């Protein structure tokens, strides 16, 4: 950690900072410049918090130099992590498109959806049994019944399933139904108790970015999961909140190369929630794959007009199939393989 | 709901929209303009979702006209709600300053804090036993022991206590320790399962605004609590996330008059987390009271330099007392009474 | 325009709204719903402003239904506009990469840069003679001398030149030096007097998006130029300002398909300023082309380490060449041609 | 400046950084920590740019420690600057309310407005002759005729006038009409050529904050003016752009204490543009004064319903008078005097 003193900070003030560094078991390195004295704390700086220095008299600013995340950091784990999802590889050379409806509605709808997902060449399937909805008066998901429909539909094509966990009390149920990938949604990215619990199980976790979460906070949330022992974490960029009102969210493609630099874990993108409209999905999907994403979470509904929620963002089966065709070429252009 | 058709939408497309409106049990009202046809859906529009119309061919845009929240809306409940917190009134003419440390540390610290809170003239006390922290490697709060220390310290001055609930599994414990006001933190504003549970108990709830939550989403989260039967909800503005990096968050004072117009429920402000620095707290507190806030959540620590977290945002006991003096004059200037 | 009345608005209030609509030469269409009365204004609504209605008693909200831009709107001009830049086509099937240094430094640097730009296969060259800098104490560009260096270097390869105009008083000089494309920078997107002036000349204009400009404001700024008679406008997305601090700006790829839907004019992307680091440029460039951009503005410097400004965002000549190779494949994957 | 090296940076990489520091005429100070080596550049770091270091191999991050603004910084000028506007003092103990219409419409309207501004106790008057409008098809201001009407109306009450300059070519006209305070609008905060020109005249300048300008960028824009010789600069906070759509902008009250700490220059607030609705103005005005603003820019129209633009944000004469009454009490509560 670096502590920058105010211009004209007194020797006594500098000593107080040094005293506190030593108290924490670290040592100091003092650099007296023309306009500022800067004090470096040498040792494991994760044990220090900038705020405890910033309130000392004469201190202008204190900042961490070393990143606060460790297990998820590429700095400590150079090679890409490839996650095995019931035999399907996510990360590395392959780019996986995970298709399926926003929410589980009926057994028939899920069977049909699974047929189309498999026919489009996807190796993984998504669908929501528990739905986070802004309004308490709208459809909240089928719950456990939905898990059952999903499990049954997917096993006909041996598709591993991805579904969202909202309530920590449902984790056991998720394990019983053998959900292959647990999704932590945007609104729960900093639900720390939930993160701690999924950190204790052995299932891969998709961690969606909070609506206005910084890259650093997102990595720290992954670190919460990793610290519990579960290192099978997949980041999912799903659009961030900005001032723009012409579309729901702004898909942050820059996050893809930045995350790939900061962490060894895979990064996927959800173009459906980002734009909020089906007609935007192909362009956003192509951009994500071109930028280096390891996968996509795409909403597809057997009959979008009849979908029970987010109807306007689901692709038709044919659109998904066509999109996969284009994405395969883009993946190839950058030396990767789609749905490999 | 209004459905705006594209220029040149066909009669068949218009009929399809009308068909869907009638299917949902509402009736339509068609207005053919020079450039656009607009269709109004007449009836209980809460049963319709704009997306299900926006994917129909020929539809440009669909929008709700009526607000989606009802129980919390001033439209349906004109007079201000005053909440009774173990005998202390929040809302109406009084402005309550809720003081106390960021986190519960020791029995001694809490006793001292309670003494100072009472001496400063405050009628309510705050303190955190469970702490949401960005990093898994920092102090996470004392937990149940913290509740005990807090309860014991506060009862010596008959101060009702306010503390944050993060995990739905701890709600029973909160009820056992008779927490007077349950605080739902920023990161849990859309933790819908948690909202549903606190909606079933009879304790007042402080609902902090999500870091980038719109006023409308915030009101909808309150509606989740209210829909469960608990109408004792207090909104707490705590700063929003913006592009600015010179301070932690931007305190959104405009939210105060806007909420007072939209809802009958009280609105308080947390100036400590908003600015993130103790030296900003007096200015922000004065602004909040002047703008019409019904209360403040202010961090005060018997000895800020020794605080275990967020040390740089806590006032000293003397600073809190002095601030109360100024706030009393500002409250008076707008016809209200501080800590009344 | 639609005017939504408050619940319980009186007949007199409704009449006052109608009176004002008629005064402006439009006619009204009144729709009385269960909870709200809605009044539509029929006629040329560009002559009305929502605010003049929102202050009338009983009015809850007034909103435009028809877009405020006309000349630039695809609604009134269905086919894509292809802009001819001294013989090079921008828009349509081709994707043009415009390469060159951030700023003009010396004749030698510009000659070398032009050689590399041409060698990489680019058909257009960029470079700044007038530089908008946050600090008054940093290099502000070579000015007119820079235009001369640039013009001389580019003509050796018959490369049309793109350079930024900051001061309306320099427009004549730009015309004298026969600048092929006038760039209006981010900070001047709403410098309306400047827009009006470039609207009167016959040179193509690149209009960069303001740092926090909405799509709608951006289109309106283009409309300012178009209203003057100059319809050769190219939109340039260059990243928007958000809460994220890990990179300079967030490249908004969603803007690409959305603009392509709203306007017939070409859309290019500046990946260099968006990310702010050379290592991010390839990923962002690939994403932009994949999303459907008609071109890219890429910074390349013969020797980035010696660049006089923004050194860390320029590609080397070899990096630009390599990137063009990959982009050609991506363009092909979506049926387009790079630097065609 | 501090340069943080990557973990495992080589000695040769460290030497290259040192070489570049010495080349610029500064000296280095190397601190080798457990995980990182940090190099401080000692001397006038304004001559260095972080980017020129960040592209050197082995460098993780480079950052300025000293602020880039100097003339406007409180660090170098401890006492508050009080600006004399034709005899009226702005800054120091007084809080000035500057009232007047959004735009100049007719001589009669301006005479009436001036009467009401004076009657409400204000010492300064505002009004726009040149109006920045998002659409080219709306009223753009009366121009020079407007200046004349304004000047004539204001002199009857000896009210110094404040009006916006948009086009650098009009500066001479502003000097001829003896405009007392030149306002630089939000959209021109980084119109550097305009800033340089107003830096050369001897009139006070109100510098409005850009819609998404950071405090640091805003201070640097003021530094542009100051560097030209004109130190009579007044900052005006007018709301920032965020994700919130329930109101036009978010008034950033935190900017007030932060600017007061960073600069010796006065800070005023425009509550009318911030909220965008007249009914929000009283609450925002009270908040601004309570937070420590040195003045307010408030829109008042003799007859808001007839205003030619922004009608819904103007107070009536009576509302302005009443608001001044409350503001006087709040100013007094914090030891200041309204319109003194």
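Note that the chains take the letters A, B, C and D in the order they are written out, and that residue 1 is the start of every chain.
Quick note on the criterion: contacts are C-beta pairs under 8 Å (C-beta built on N, C-alpha and C of every residue); 3 or more make two chains touch, one makes a residue touch a chain.
Fair warning: this is a prediction, and the values are worked out from it, not measured in the lab.
The greatest centre-to-centre gap from subunit C, using C-alpha centroids, is found for B. By number of C-beta pairs in contact, C-D leads over the other of B-C and C-D. Centroids of subunit C and subunit D (each the mean of its C-alpha atoms) stand 26 Å apart. Subunit B and subunit C have Cα centroids lying 39 Å from one another.
Residue numbers of subunit D whose C-beta contacts span two or more other chains: 212, 241-243, 245. Within the complex formed with subunit D, the residues of subunit C that make contact are 46, 49, 51-52, 54-56, 68, 132-138, 140, 166-169, 187-188, 190-193, 196, 210-212, 217, 220, 223-224, 227, 241, 277-278, 304-305, 307, 309-313. By the touch criterion given at the top, residues 2, 4, 7, 29, 31, 33-36, 38, 40, 42-44, 65-66, 75, 212, 241-243, 245 of subunit A touch subunit D in their complex.
Residue ranges of subunit B in contact with subunit D, taken from their complex: 212, 214-216, 239-240, 242-247, 250-254, 256-258, 261, 274-275, 279-280, 283-284, 286-292, 326, 329-330, 332-334.
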